[in-house]
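Scrolling down, you'll hit the structures one after another.
Two complexes are shown next, each including chain A; its partner changes from chain B in the first to chain C in the second.
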Partner chain A sequence: MARLLVVDDESSIRLLYSQELGEEGYDVVTAGSAVEAVEKLQNEQFDLILLDIKLKNESGLDLLQKIVKDRHDLPVVLCSAFSCYKDDFSAWLADGYVVKSSDLQELKDEIKKVLAKKQNR
Partner chain B sequence: MKAVIMAGGFGTRIQPLTCNMPKPMIPLINRPIMLHIVELLKKYEITDLVMLLYHQPSVIKNFFRDGSDFGVKITYVTPLEDMGTAGAVKCAEKYIDERFLVISGDLLTDFNLKKVMDFHSDNKALATITLTSVKDPLQFGVVITDKERRIIQFLEKPGWGEVISDTINTGIYVFEPEIFNFIPANENFDFSQDLFPMLLEKKEQLFGYPIKGYWRDVGNTDSYREAHHDIFRGRINVKIDEPKQDVVGRDLRLGTDVRLDESALLDGTVVVGDNSQIFGSSQIKDSVIGRNCTIEPGVKLSRCVIWDNVYLKKGAKIVDSVICNNVSVGQGVVIEEGGIIADDTSIGEEAYIKRDVKVWPRKLIEAGATVTDNMIWGEKWKKSLFEGAIIKGLTNVELTPEFVAKLGCAYGTSLPKGSFVLAARDAFLASRMLKRSFLGGILSAGVNVRDLKMMPLPIVRYKLKTFGEVGGVHFRQSQEDPALTEIVFLDGDGLDFSSSMAKNVERIFFKENFRRAHHKEPGGITELPQVIDFYREGFARGVNRDLLKKQNSKIVIDFNHSPAGQLLPPIMNDLGIEVIALNAYVDEERGIKNADERPQSLSQLSKIVTSLEARAGFWLDPTVEGVIVVDETGKVYTAEETLPLMVALFLRSGQKGTFAVPVSAPSVVEIMASEKGCAVIRTKNSERAMIEASLASEVIMAGSMDGRFAFPKFQTGFDGMFTVVKTVELLATSGVPMSVIYGEIPHRTFLQSRITCAWEMKGGIMRKMSEDSLDCEATFIDGIKVHFGEDWVLVLPDQYQPFVHVVAEGKDPKVVHRLLAEYQKKVEKWKKELQ
Partner chain C sequence: MNLQCCWHNVTISPGDCPYIEPGEEDLLVSHERRVIEKCSNCPRFISELEGMKSAGEPLAPILKILTVELVDLRVRLESMDGFLNSKTREIRFLHELSTVLQTSMDLDEVLSVAMTAITAGKGFGMNRAFLLMCDKDQNYLRGYLGVGPRSYEEAWHIWQEVEQTNLTLKEMAQFFRENKLFSEKVKFQDILERLSVPLEDQTHILTRSLHEKRPILVVEAFNNPLVSREFAEILNVDSFLVMPLISGNRKIGVLIADNFITQRAITHQDIQSIETFAFPVAFALVRASLYEQLHEEVDKLTLANRKLQEQQELIVKMEKMALVGRITSSIAHSIRNPLMVIGGFARSLLKSIEVDDPKKEYLSSIIQEARQLEDVLVEILNYSDSLYPVKDQWDLNQLLEDSCRDLQPKFAAVDCSCRFELAEDLPTVLIDYKQISYCVRTLLVTALENRSPGGELLVCSRWWDHVVMLEIYDQNGSLPEDVWETMATPFSSTQELGVAGVVGLPICRTILEKSGNSLEIERSQGGGMRYIIRLHLQKEE
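Moving on to the complex of A and B:
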């Protein structure tokens, strides 16, 4: 079972993702801030991180840079309400990009795709 | 009465039928077109002929000679330059002192010429133009006459809006000898453009005589085929040399010594020339077969014109096409309607020639190839477009803008609608031209393009690692030959196209099964200006910045005018490396250096490295994937020396991990790696195989045998720019000069050679090699590698070229030389046995 870390500052999103992705068979852990995420990353093992770009007073892209630097092999899927960050070059460091939507299928597909890609490596 | 036959044209519009013969000599039912004209003139008792020749006159002269064999008397006139139609006739003035008829040598007609001559005589005309009515008068000269048949107006090749009559000039004229007074000597003068308008203006006796009957200008290949159809349908009767057979219900004409099996199914009009053979159950309908042809069982011909010395193998299926002299058509070949296969062409088995394709003379079409476009200058039509992940071809000859546009369309069709691809090119104008055409094709399939413009391939690969694009293409000039352009296809991960992806694009291309976007939905082009910053960021993360900054190394790089010359120096300066950049400016008009210019460049680089006391020198290849390394003493490393050197640098700097190297790499790599507790993975020789191997997390470097290296911590693709900086970093870590590290590598002799070998023999050679290796310890990763203790020899067929490689390595130089020679001999012997 793949273990996911969902990093989002909105508790409702964290709850929604936990339930939906949990039903898909993933073991989902959540973090409400970059600091909390870093802490969890230091202490636990994950297979993929689902990362919101706009965290309250922090930037998901900064966290992404840190993750890529420290944990080169850990895939990150960016999840944002905005599509404009796709063209921000620091966003390209991620393995996937999903624009938040009420239909979670795209998110689920992207997670599957990125995990499959990781397995093939 | 005399006749002048105009037979001087170049026949440009009817190429490639006229590539090896003048147009009047093209066979129509196994006889030159002009012979049908001679027969027509004879029928009306015109036997004193003047032939006006210009293009390839000897071919016509050799056939007709003095005309006695054909019951006529022929005088030849060959103007020294193009004099126009009337001007050429003027050159024959001294042979003509009576009323005469002018006719083109490339007409097919059964007009009653006597009626024309009688009309001319009755009206006491100076000139009479024979007129006829046609459905489509646009391509001819329209003529208007009054009630007395006097010509009142000419309209040369009118538009539909201008058409006021369907009566056209047939190119058959009757003149009084006084006409020469109106034609200036030694001047280009045309009947329609100059003479007739002049006569009209001067109110001379110029008449037009409309006549009924069959008339066709055999001016292009469509008209040539249609002329045959008309003969098959009985619309015109022409003389056929081959005698008619007494067969009810069929019009069968057979020449002498024709062999025709009883099981052959013949239908409609079938003409078979002397000494031709038709075997077994061939099906032939409304077709002409020339002399000395062989048709094997199961061949199907419908409405075909086959010239002389043609060999059609079993099961070939040809519809409404022309096969010229000395053509061989392989088993199971299909030629669709409108095909023209010119002289001396060979078509391999199961090839597919699409509708209306014209193949120019002396071409070789590989077995299984699908030819969709006219094949004019290139020598060969390949079965597959791709060589691995690359499509390469002669710029503007094989890879033309229209060809690559179609290719772009096929590539776009293979991708999801609305998806994005990356596109980039090297610094050359040809690459830019072709890339632009290609992008048009992609957009037409509803796929978007992110255009990186001039950008090295490693950066394209690097961006593709991220999300956003489903694939990429890179256009570049070939290093082997500056006349070639290469298109590198990459998948969504920046890896080379897999063979299944390549096959998918090929299948769409050959079947022309394109997805055309709705007019509101074509793809768009955008740019990604931040790509370089993204690459630079990743690059800096991939090396030990602090160490590099501390070391302050000085190195020399020859950038070969590649775009890397603008990108790498700032990155290296940021890392504290002093770069002496050579040929760092981009020059779009400058081609890649020839292979023979390279030693001089390397020698210069070597001198500069030593004189500046640099830590190392690098010659970056124009694709920015590979490097040639020069050490601090000026030694230039060969590609097979560079791979062990890079491994040694890693080991000396204390890094642990696995190295991915091709099967042909020296085994000294394994010896060194195992001493330091590291491992080596052997891969196939293909670029994709090496890059795929480097995806494994334990791999720290993948190295090819041609100076290309990938460092998976940064990116899995080969990257010359990163190789340069990584080498400097490894040198800094080890703290020892490069020459010293190279000196520590265990010395082994490594030899390689290649032997020419026809494609069809490669399989046989490998079978024999495998039989020969039965009792030896052998590995079969790619080719066959036989081990003799620490020594080994590898026999490896080249994937894309007609070669077999023989590689040997060992401790004792004598043994290695013996091994290489022994296996070279074996391959040569097997080649002879397989012939």
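Moving on to the complex of A and C:
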């Protein structure tokens, strides 16, 4: 069972991800801020991080850089309401990029793809 | 003494004096006037005066002297009278000429008046005239206009024509301008083309006259050391007048006048008259030329001003659009998260609900509406993205094929196939792939949403010069009027958002126009719709 860390500042979205991805068979842990996410990353093991770019007063892209630096083997999928960050140089560090949608199928497919890629490394 | 002449009779009968002509009958009873006007020239009176002298009449020699003096005075008086009449006519002519020249601002009108004045019988009566003008850079004197006949037959025809009409100089000039200006230019084209002299060449008779600011009368042109043989052959006349046209210190050109047909000698009087006339002509030519330049400058300024206004309007419009873009982008992002939660949970609930649960329909509606709102958001955010294009060289044929392939489900839904006619040698084009791809997809979706089922979409690519044209032709297509209207301003329609034609087309147009390209949508003459994107080939910046 793959373990996912969902980082999003909106509790409703965290709840939605937990439920939907939980139904898909993932063990979902959530964090509402970059600080909380870093803390959980230090104490727990994860197979993939689902990361929002806009985190209230914090930047998901800054957190992404930190994760890539400290845990380069941990895949990150960016999940944002903004499509424009796809062209952002920093966003290229992530393993996947999904624009937020009520239909989570694209997100689920992306997670599967990234996890499969990780296993084949 | 037997007197045969009637001079001593106070009154005479008709026929007594053979020199009294019809209309002069009052001389029959006016003794004094008859003696003064007729007797001094009468041979019979002279003869009788000689007889009186022979007879020793003491007053006879005196009378002879007085008679000769009277005749002489009369001749001089008539000559002066003729001169006065000629000068009066000339002053009237110059007055008429100067009135026209001073009031005219039109170069053609001035030229017509000037050339007519030189060649018309009422004017200076020369047979031919050529006008040479200095070019703008003052490098060359070039043949500009020739007027007059080229043969005796033509001259005869012209004189007859003039005789039948009684036009004033102004009327003649107007007639010339309207009917003959162009044809005369053409008629003398061969001569005018050869009349080109560098202004630096001060040995040429034309430039010499211009530099010395004086008219030059050339006689015996073929043997004249001042005139080259070649130039004499061009004019093919033995005698001609070269008249410089100068205004202030500005060299305007040169007039050449001759009597090619009549071979009449050019008199000192002709030279003086034409010289008097040359100054106002030169002045009028300068003024007309300046007026013409002024008009050109005004036209240029008007055009520049109009373009500036258009640019300003465009800037204002773009600023408004950019503001709309920023606002809509901000709103769209704010909406996306809650929308995702609403739609996401609705989907989640729908999965867990019983098949026959009546709430299933409500959840389906929520999901459907959320999806539609998300589509609108995509449209709006695409518009916002269009403000920041990223360009690269792309193969547009590939783009067209990819776009059509991705939309296959939509093609299938309206039972429509897709046929390509792609240019084989299509060059790559510097574009923002995402933007142009979005435009092509929007046009395809618009076409598919506004057509009757069946048939095919013809997707073409063509290119020529510096333009690549992408065209979608749909014979079954028909775009409703309300969709046409939305082309003007995005988001202005009250229609339901999310329809490609309502939101997408204006965005496409904005995207294309912002990058200097264009979108055209037209109803095809043979029925159906044409959607055309024109992209300009440009170098990578």
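In this text, the second predicted complex is superposed on the first by the 121 of 121 C-alpha atoms of A that agree within 3 Å, B and C clash if a C-alpha of one lies under 4 Å from a C-alpha of the other, contacts with A are read in each partner's own complex, and residues count from 1 in each chain.
Keep in mind that, in the parts below, a residue touches a chain if its C-beta (ideal position, glycine included) is under 8 Å from a C-beta of that chain, and two chains touch if they have at least 3 such contacts.
The model shown is predicted, which means the values in this text are computed figures rather than measured ones.
J.: In the superposed arrangement, does A:Y97 touch chain B (first), chain C (second), both or neither?
T.: Once the two structures are laid over each other on A, A:Y97 reaches chain B alone.
J.: In the superposed arrangement, which partner chain does A:K69 touch: chain B (first), chain C (second), both, or neither?
T.: Only chain B; A:K69 stays clear of chain C.
J.: After the superposition on A, what does A:S83 contact: first (chain B), second (chain C), both or neither?
T.: Second partner only.
J.: After the superposition on A, what does A:L115 contact: first (chain B), second (chain C), both or neither?
T.: neither
J.: Return first, second, both or neither, reflecting whether A:S12 touches chain B, chain C, both chains, or no partner chain.
T.: Touch partner of A:S12: chain C, not chain B.
J.: Of the partners chain B and chain C, which touch A:L50 in the superposed model: first, second, both, neither?
T.: neither
J.: Based on the superposed arrangement, let me know which partner A:A34 touches: chain B (first), chain C (second), both, or neither?
T.: Once the two structures are laid over each other on A, A:A34 reaches no partner at all.
J.: Starting from the residues of chain A touching chain B, keep only those that also touch chain C in the other complex, and list them.
T.: In the superposed arrangement, which is not itself an observed complex, chain A uses residues 87 for both chain B and chain C.
J.: List the residues on chain B that touch chain A in their complex, please.
T.: 463, 466-468, 493, 528, 530-531, 533-534, 537-538, 541, 695-697, 713
J.: Any idea which chain C residues touch chain A in the complex?
T.: On the chain C side, the touching residues are 333, 336-348, 351, 367, 370-371, 374, 378, 381, 384-385, 388, 390.
J.: State the interface residues of chain A toward chain C in the complex, per the touch definition above.
T.: 10, 12-13, 16, 19-20, 23, 81-84, 87, 100-104
J.: So in the complex, which bits of chain A are touching chain B?
T.: By the definition above, chain A touches chain B via 68-69, 72-73, 86-97, 117, 120-121.
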